[in-house]
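First chain A sits with chain B, and in the next complex the same chain sits with chain C.
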Partner chain A sequence: MSFARVRAVAGKELTVLWSSPVPYVVGALFQAVLAALFVDQLHAREQAVVQPLFPLAGFLLLLTVPIITMRSFAEEARTGTLDLLQAAPVPPSPLVAGKWLAGWLTTLAMLLPTGVLVVIVRWLGHPDRGPVIAGYVGLALLAATLTGVGVLASSLTSSQPVAAMVAVFGLLLLWFSNIGSGTLNAGDVLAHFSLSERLRSFAGGAIDTSDVGFLVAAVVVTLAVTALVVDSRRLR
Partner chain B sequence: MISATALTRRFGGREVVRDVSFSVAPGEVVGFLGPNGAGKTTTMRMLLGLLRPSGGEGRIDGRVGYLPEAFTAYDAVSVRSYLRFMCRMKGVSIGDVDRAMELAGVGKLGRRPFGRLSKGQRQRVGLAQALLGRPGAYVLDEATIGLDPRQVVDARGLIRSLADDDRAAVLVSTHLLAEASAVCDRVVVIAAGRVVAEERPGAAGDLEARFLRLVGEAELT
Partner chain C sequence: MRSRLVAVLLVLVAGVAIDVVGSRTRRLYDLTAQHSVSLTHETKSVVRQVHHKVKVTVFLRRDEPGRVEAATLLARYHRLNRHITFKVLDPSESPGELHRLGVDPLAGGMAAVAGDRVERAASVAEQDVTGAIVRLLRHKSPTVCFATGHGEADPNATLPEGVAQLADLLRQNGYHVATTDLLARPVVPAACDALLMARPTAPLGPAAAELSRWLAADGRALFLLDPESTVDVNPVLAPYKLRVERGIVFEKDPGSVLSGDPTAPIVHTYSTANPLVRRLAPTYFPGVEEVDVDESGHVPGLTVSRLADTSNASFLSRDPQRGDFQLGRDLPGPVTVGAAADLSAFRGGTVHRTRVVAWGDADFATNAYLGQAGNSRLLVQALDWLTIDEDLVTLSANLAADRPISLTTARHRESLLLSAALVPALWLLAGAAVWLARRRR
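Entry: the complex of A and B
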């Protein structure tokens, strides 16, 4: 896979995405809702801590990343620009990798302003640096996984709203898949896939190789499946 | 070289293209002529590997320049950036962008976002995109749609030169008879999914009479 092609696809995606209102609107809503929920948590705890930021931001990403990624394949399939790329011919892997990269970078850009909340907390109290760094590493990796799922959902349909809904639903299932762990026989296995559990472990200050491995593997698997979907939808 | 061998395609049991065979040699412009819904676009998409044939085989040797029926690019991306992007996708030198823009008549539109172009300008960007990297074969689906009479004449000259100067194999679909007789060495007439004639176009008037008779016959059977 040529990296030049991946970079060209990612660059085109970033131009298309950032010249639409989507990242600005979604980003502003994300910051506003996150700040409100976070301040509420600080009040409830009467303590200047950063920890509650991570699960809140992670959960909000489940709803925002699918909006960032929904157009990636769905819109190109709808308008027919995907045909031109496939007739070029571009194999699916650089398309998938480029679109994923653009979505991930956009999501990371959306996480950047949350640093302001951390600065405020540091000014009010003395939070440990370690868990904050680990929490952000966790969020960045979580964003990578969510973007993978979002791009996969977008490859399944040529309707952007359908792509977003499929991704949100799938991500909510993954996020809450630890809920049954006490009651179901298969619960422990499901908990293994829970995104909220993975993020919790990062936010606790531990960068565990098994958590990193899980999230990275999830990216690789979703992108590989996306490539298969894109290729099979070409030859219908 | 472009070749279709017994290409067949069904959509939900309905046979839309049936046993279509023809070939286009290097240096030749072949018109793919037929009424709307005859199966031209479906056949072309099978040749390009964008649609799986239900039967038969389509082949194109080497790189191909493709102009789809409803060409569109990315509204926010400028013409020049788009063409550079397509060069990277095709794996050809971006040094070819200026030549393609000149030939297609969009030399002055480089900085304009695609979304702000007129219909005819968009179509010419589509042509420019097909020209990138001087492919040995072209599949042009309704190449002159949306162009004004002056631009139609220019586009014909361009299509002719692809075969005459670059020795490319050019397949161009159209439902316009004058179009076919003006540029093609040969026409393949398709009606109701089947090839009903393959011949030299001759004068436009003759072609029109023959075309109407062939299409009429195909639709009766």
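Entry: the complex of A and C
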């Protein structure tokens, strides 16, 4: 896989994405809702802790990342430009990786303003730095996984709203898959795939290598499946 | 096509391999200042002994501080041993579960269930969870012996000055409750895991020597003293650097008294990391004297902590008839009203530990005041701290530091304005600027 091609695809995707109102509107709403919920938590706890920020941000990302990624393949399929791209004798992996990279960087950019909330906690008290670092590492990895799922959903359809809905419902299932872990026979397996479970250690202030491994593996798998889907479309 | 399919399959296998290898060779990098996410070695050794299902149910309101931390903590137990499962419920949404597990609906807390046995704890810290699991594993509940014979508060008395409600509360929390008459037979029974002496009013006589002997032999005792009592327990407390200072505390901070009574202070803050007062609501002491800590000299193995102080505006009056501060006679605040001592030594391959907790008031534990503020929780946490087997659970179980903030209404509004309005507005403005620039082109 040529990284120059990945960079070129990502650059083009970023230009298109940031020329549209989507990241600005989604980013503003994300920040406003997250800030309102977090400041409320801060008020209830009366403690200079940032830990509640990360589960809240993680859940809101489930709803926002699919909106960022919904156009990546669906729009190209609808307008027919995907066929043009695929006419070139190159494998689909740089295309998939480039679109994923653009989506991930956009999501990371949306997370940047949440730093204001950390500054506020710092202004009000003396928070522990460890959970801030671990939490943002966790959010970055979670964002990578969510973007992978979003890009995969987008490759399955030529309709952007359908792509977003498929991704949101898929991610909600993954987020809440630990709920029945105590009662179902397959509970442990379901809990293993739970994204909320995976974010838990990061949010608490620890980096667990098994969580890092799972989230990285999830990115690899979703991108591989996306490449397969895109490739099969070319063969049709 | 086939080669691409193989390549994709290889990537899929690689993805699963990363996950499997990550799970098998997991390492935890705890970045918190107090390593509060890591379980202690003692907890790990307990958790490895669990071979049957243990279901932990935690009752915390959705908006209650500590919910995320409790779930994170319990997830660590679950990951270490899959026999331990947990759920976090909102008590207002699960009254049936609360009733079934016998958890106090007002105080909340947790219950650990193994088969038909239930162990409860008032809070959800590592020590509480591990303590509950230890009790489940041992099939034995600790016995708290109420000392009688010297005019102490009666654990069977349902009158306002009795402590029957305290005895019931302890039973609900998995304790066996017994009484021991130290006047009739000044020997603390071997079955007592902790002794509770609440407001003795008659001189202890030979019982004082027995208490000293018993404490020195790894005893655990909770003393609830009172300004009204003239009994001198200082000889018993002295080896542990604790001392009762006679008098009565007058609280002059209007925000720290109930119904305007200056002799009934409310303690808001606990400036110690001792789990005995961790996450404790304000506590109310109707008539309290000082429990001072002797900070001179060093006794090997002895750790003494001041548990609760009254406000800076309070003072200890030597003359309760006068409500004003007399320089040179009274002691200025803050006044320590509760203290704990832990004397530990490692001898003959085992840990020997004596623990003593003393409060300058007994009224707060009586039927009249037990249900007020955090009083009941304080007493359960005190006995948990006294009776947990310290071979398995350490005193300072990686506790997260207290990091209080004062979020006044103005600061709350400013924080919201900045983060929920100004920053999103700037973000939208950036979008509008890009849109305008594109239109101009």
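Here is the rule we use: the second predicted complex is superposed on the first by the 235 of 236 C-alpha atoms of A that agree within 3 Å, B and C clash if a C-alpha of one lies under 4 Å from a C-alpha of the other, contacts with A are read in each partner's own complex, and residues count from 1 in each chain.
Simple rule for what comes next: contacts are C-beta pairs under 8 Å (C-beta built on N, C-alpha and C of every residue); 3 or more make two chains touch, one makes a residue touch a chain.
What you see is a predicted model, and the numbers here were worked out from it, not measured in a lab.
> Classify the contacts of A:S19 with the two partner chains as first (chain B alone), second (chain C alone), both, or neither.
A:S19 sits against chain B and chain C alike.
> In the overlaid three-chain picture, which partner chain does A:A87 touch, first (chain B) or second (chain C), both, or neither?
In the superposition, A:A87 contacts chain B only.
> For A:A4, decide between first (touching chain B), second (touching chain C), both and neither.
Touch partner of A:A4: chain B, not chain C.
> Quick one: name whichever of chain B and chain C touches more residues of chain A.
C
> Across the two complexes, find the residues of chain A that touch chain B and also touch chain C.
19, 235
> For a test of understanding, state which residues of chain A touch chain B in their complex under the given definition.
Chain A residues touching chain B: 2, 4-5, 8-9, 11-12, 15-16, 19-20, 79-81, 83-90, 234-236.
> Quick check on the complex: what are the chain C residues that touch chain A?
1, 4-5, 8, 11-12, 14-19, 21-23, 25-34, 36-38, 55, 63-65, 68-69, 71-73, 75-76, 82, 85-87, 400-407, 411-412, 415-416, 418-421, 423-425, 427-428, 430-432, 434-435, 438
> List the residues on chain A that touch chain C in their complex, please.
Going by the criterion above, the answer is residues 18-19, 21, 23-25, 27-29, 31-32, 35-36, 38-39, 41-49, 51-52, 55, 91, 113, 116-117, 120-121, 124-131, 133-134, 181-182, 187-188, 197, 200-201, 203-214, 216-218, 220-221, 223-225, 227-228, 231, 235.
> Across the complex, what residues on chain B touch chain A?
Where chain B meets chain A, its residues are 45, 48-52, 64, 66, 68, 70-74, 76-77, 81, 85-86, 88-91, 129.
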